[in-house]
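Worksheet: the structure to be examined is printed underneath.
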Amino acid sequence: MTLGIKVLDHGKVDLIDAMGGDLDIVNAARVSFSSYQSEMDERAEGLINFLMKNKHATPFEHVTYKFYVKCPIFVAREWFRHRWSSFNEMSMRYYVPDELEFYIPEYDSMRKQVGKPGNYSFEPITDQTTVSFIQGLMSDVYSVAESAYYDLLDAGVAKEIARSVLPVGQYTEFVWTVNLRSLLNFLSLRNDSHAQLEIREFAKAIEEFAESIAPVALKLFRDNGREAL
Amino acid sequence: MTLGIKVLDHGKVDLIDAMGGDLDIVNAARVSFSSYQSEMDERAEGLINFLMKNKHATPFEHVTYKFYVKCPIFVAREWFRHRWSSFNEMSMRYYVPDELEFYIPEYDSMRKQVGKPGNYSFEPITDQTTVSFIQGLMSDVYSVAESAYYDLLDAGVAKEIARSVLPVGQYTEFVWTVNLRSLLNFLSLRNDSHAQLEIREFAKAIEEFAESIAPVALKLFRDNGREAL
Amino acid sequence: MTLGIKVLDHGKVDLIDAMGGDLDIVNAARVSFSSYQSEMDERAEGLINFLMKNKHATPFEHVTYKFYVKCPIFVAREWFRHRWSSFNEMSMRYYVPDELEFYIPEYDSMRKQVGKPGNYSFEPITDQTTVSFIQGLMSDVYSVAESAYYDLLDAGVAKEIARSVLPVGQYTEFVWTVNLRSLLNFLSLRNDSHAQLEIREFAKAIEEFAESIAPVALKLFRDNGREAL
Amino acid sequence: MTLGIKVLDHGKVDLIDAMGGDLDIVNAARVSFSSYQSEMDERAEGLINFLMKNKHATPFEHVTYKFYVKCPIFVAREWFRHRWSSFNEMSMRYYVPDELEFYIPEYDSMRKQVGKPGNYSFEPITDQTTVSFIQGLMSDVYSVAESAYYDLLDAGVAKEIARSVLPVGQYTEFVWTVNLRSLLNFLSLRNDSHAQLEIREFAKAIEEFAESIAPVALKLFRDNGREAL
């Protein structure tokens, strides 16, 4: 296992395992063993490019990845909307973490929303006093919630009830298994300017790992406008 | 649209629309139009029973339901794990609800967890003072979080950041479209003694609506041990 | 039930049932009942257009269709590759049709393949003698296979073995339930110049029915380049 | 690549690649890295057993397999109904195989169907003359179809049309990627006495490979009645 990539204030992405790579896309597309190819070359790259441009998506499903992710609950909620993939998440019905961790945006990612519904954009909040006020307020709610959570447990109530008071800024952990087709769809939507900045930071880390396993496919994904297949 | 079924303190389930019913299971299983059946009878019921016992699941996929659901976020998070179905949820990236609502268990559903990991069970908390203490503590955290949320918005921070402080006990709303096969799988897992009491209350309401559309299939689902197909 | 649309020499597509329409896309996207809309207007159309352009695909999943299809097996094999949908097909393990029907292309759709792998195109075969020769040869094989099939049954062999000799040009029948998102993906790939002419004829009939239920969505699908969501 | 397992007269199954094994089920179920386990022991086996008995299916999705399969089209058609998996098949729209191969049952698997709809069973056909007659008849149709196929190509018609005359007993080839949950569902349905003998032979080979990667899970699958999760 690698050391992983740190994301946001307490988050992490790690590639635990993978099956296949660029060549497996090529060999799945050709199927017949008679034309089995054992090294990437220009023709193989051309085939991946052809598959991508023409939305022949199934050969990309034969490359699989398994990730460990630690991210805020509100990020996980967007992530889990990607149904063509597999998740196992830490459950607070049964488990009390040693330490609760919560997300507070750093100065560089503090922002306001401008514009109208359907047409929002974001601008940085640069006033240091405002940033500190916001960070302080978030921190205060997290402290209140954390201490109430332990008080509720002490009062004897079931963990699955006590967790109700914990904010969606809390970090959670999960294992994610996904094939390359579904992963490219994830990157197309989440490593994109329309995505929320926080999930985008995670998507960047995912993209880095994805590329380490299938460099040609990821290069061509970018060359072809980052479109989902 | 019906008036829906109230669930927990502020929740609701409503059946918005449906396609097909018991007869459509039968006709999908038979396919050929020559044997198209236009009324349920004993033989049709026998066929549904046979399909269920033998896990011939696909004919149940031709009956679809569309529900409106309002439930706490921690319930929605379990619900959205059911991937063979479609969800559209209210998004607090763009939308500030007129009123925030939060879940607090009533006296009757206040409980403690007893036993060991892998073997938990639940017992009621009957001491009125303890129950009031727990309800008060939850209510306090919700108030702190709600008022911080509005203060964060007033300070100008983006809605998608401000929502971080809102607890998973907050009510959310979504539309759920699901076919009868996937719905029976949901009922098998969620209207079950191993499910968390809160999602089970919602699953009971879903089951009531499911039965109004396909009464024979739901009756046989119960007669056959409530197993997923 | 309508009378359906005839396709190829013995095929048929029929819309059996549907749930929802254009308005349901809009209301799923808005979720909150407070903004429930009961008639289509320009603003609603604008929203569907926005969802399509930005690949916000989930609201289209709340409209469902159920079709009856009769088509050659080689067409059905391409159709069944669309996994986000439900199929129930006539099974020749258990069922001997009253009449076997087989596909023979008519004069207008008889064609040759020109060009190289990855870059094929098709040109009509206009020579009447050649066309007649091809049709005759296909008809001969079908006759031999059909009569051997009945001879095999007469010899007492199981139906599931006897069917082995029947060609993929044989007509089969199935029920198909699909949501509008998955259906648009089907149309994008199959009512397209790269698709095999035969499945394209079926896709055109499907598109006609799809439009009868959600005319605005289908119009905008065409205006936006017929791309999958 | 191993040499694969031969199935029926010309078929084959081969495991090309895999990701994970028994331990990965355990670690996905536990998620939290703090309890990461690096060797199977009795407690780990107990956990897999618990997951299986209680239909906690998602941890099994983090083990993936990639197979090469060569089987008759009528077997492939049943196989491709398993939608939670990925297929790439040889396409005869573009490709003319060097050699066409067709399925003819051997003496040992020649059978008749007895009983009534919904309650069929199979009995061997032991009369050598009858078996030879059936085999001869199948062989004759295959020869007629094969030679017509090449005549059609010679007459200049597109490959995608010419293939119409080829029987479903023809062998095809595909790559199949599937996770362990979906694979156990496949085994539950297809390595079962209700499945057609031919697909069951393939399912047995798949089960042998599945076990080589996750021996504990497969043993417990059998101990727990071979039920789908």
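By written order: A, B, C and D. Residues from 1 in each chain.
Throughout what follows, a residue touches a chain if its C-beta (ideal position, glycine included) is under 8 Å from a C-beta of that chain, and two chains touch if they have at least 3 such contacts.
Given the structure is predicted, the values throughout are model-derived calculations rather than measurements.
The interface with the greater count of contacting C-beta pairs, when A-C is set against A-D, is A-D.
Centroids of subunit A and subunit B (each the mean of its C-alpha atoms) stand 26 Å apart. Inter-chain centre distance (subunit A to subunit C, centres taken as mean C-alpha positions): 36 Å. Once the centre of each chain is set as its mean CA position, subunit A and subunit D turn out to be 34 Å apart.
Each of the following residues of subunit A touches two or more other chains: 58, 81, 87.
Chain contacts in this assembly form a complete graph, since each chain touches every other chain.
Every residue of subunit C that touches subunit B in the complex is listed here, in rising order: 17-20, 24, 27-29, 31-34, 58-59, 61-62, 64, 66, 68, 86-90, 95, 97-98, 173-175, 177, 179.
Against subunit C, the residues of subunit A that register as touching in their complex are 50, 54-55, 58, 81, 118, 189, 194, 228.
Listing the residues of subunit B that touch subunit A in their complex gives 72-74, 77, 80-81, 83-84, 87, 93-94, 102-103, 105, 110-113, 117, 120, 122, 125, 130, 133-134, 137-138, 140-142, 144-145, 148, 151-152, 155-161, 163-169, 196.
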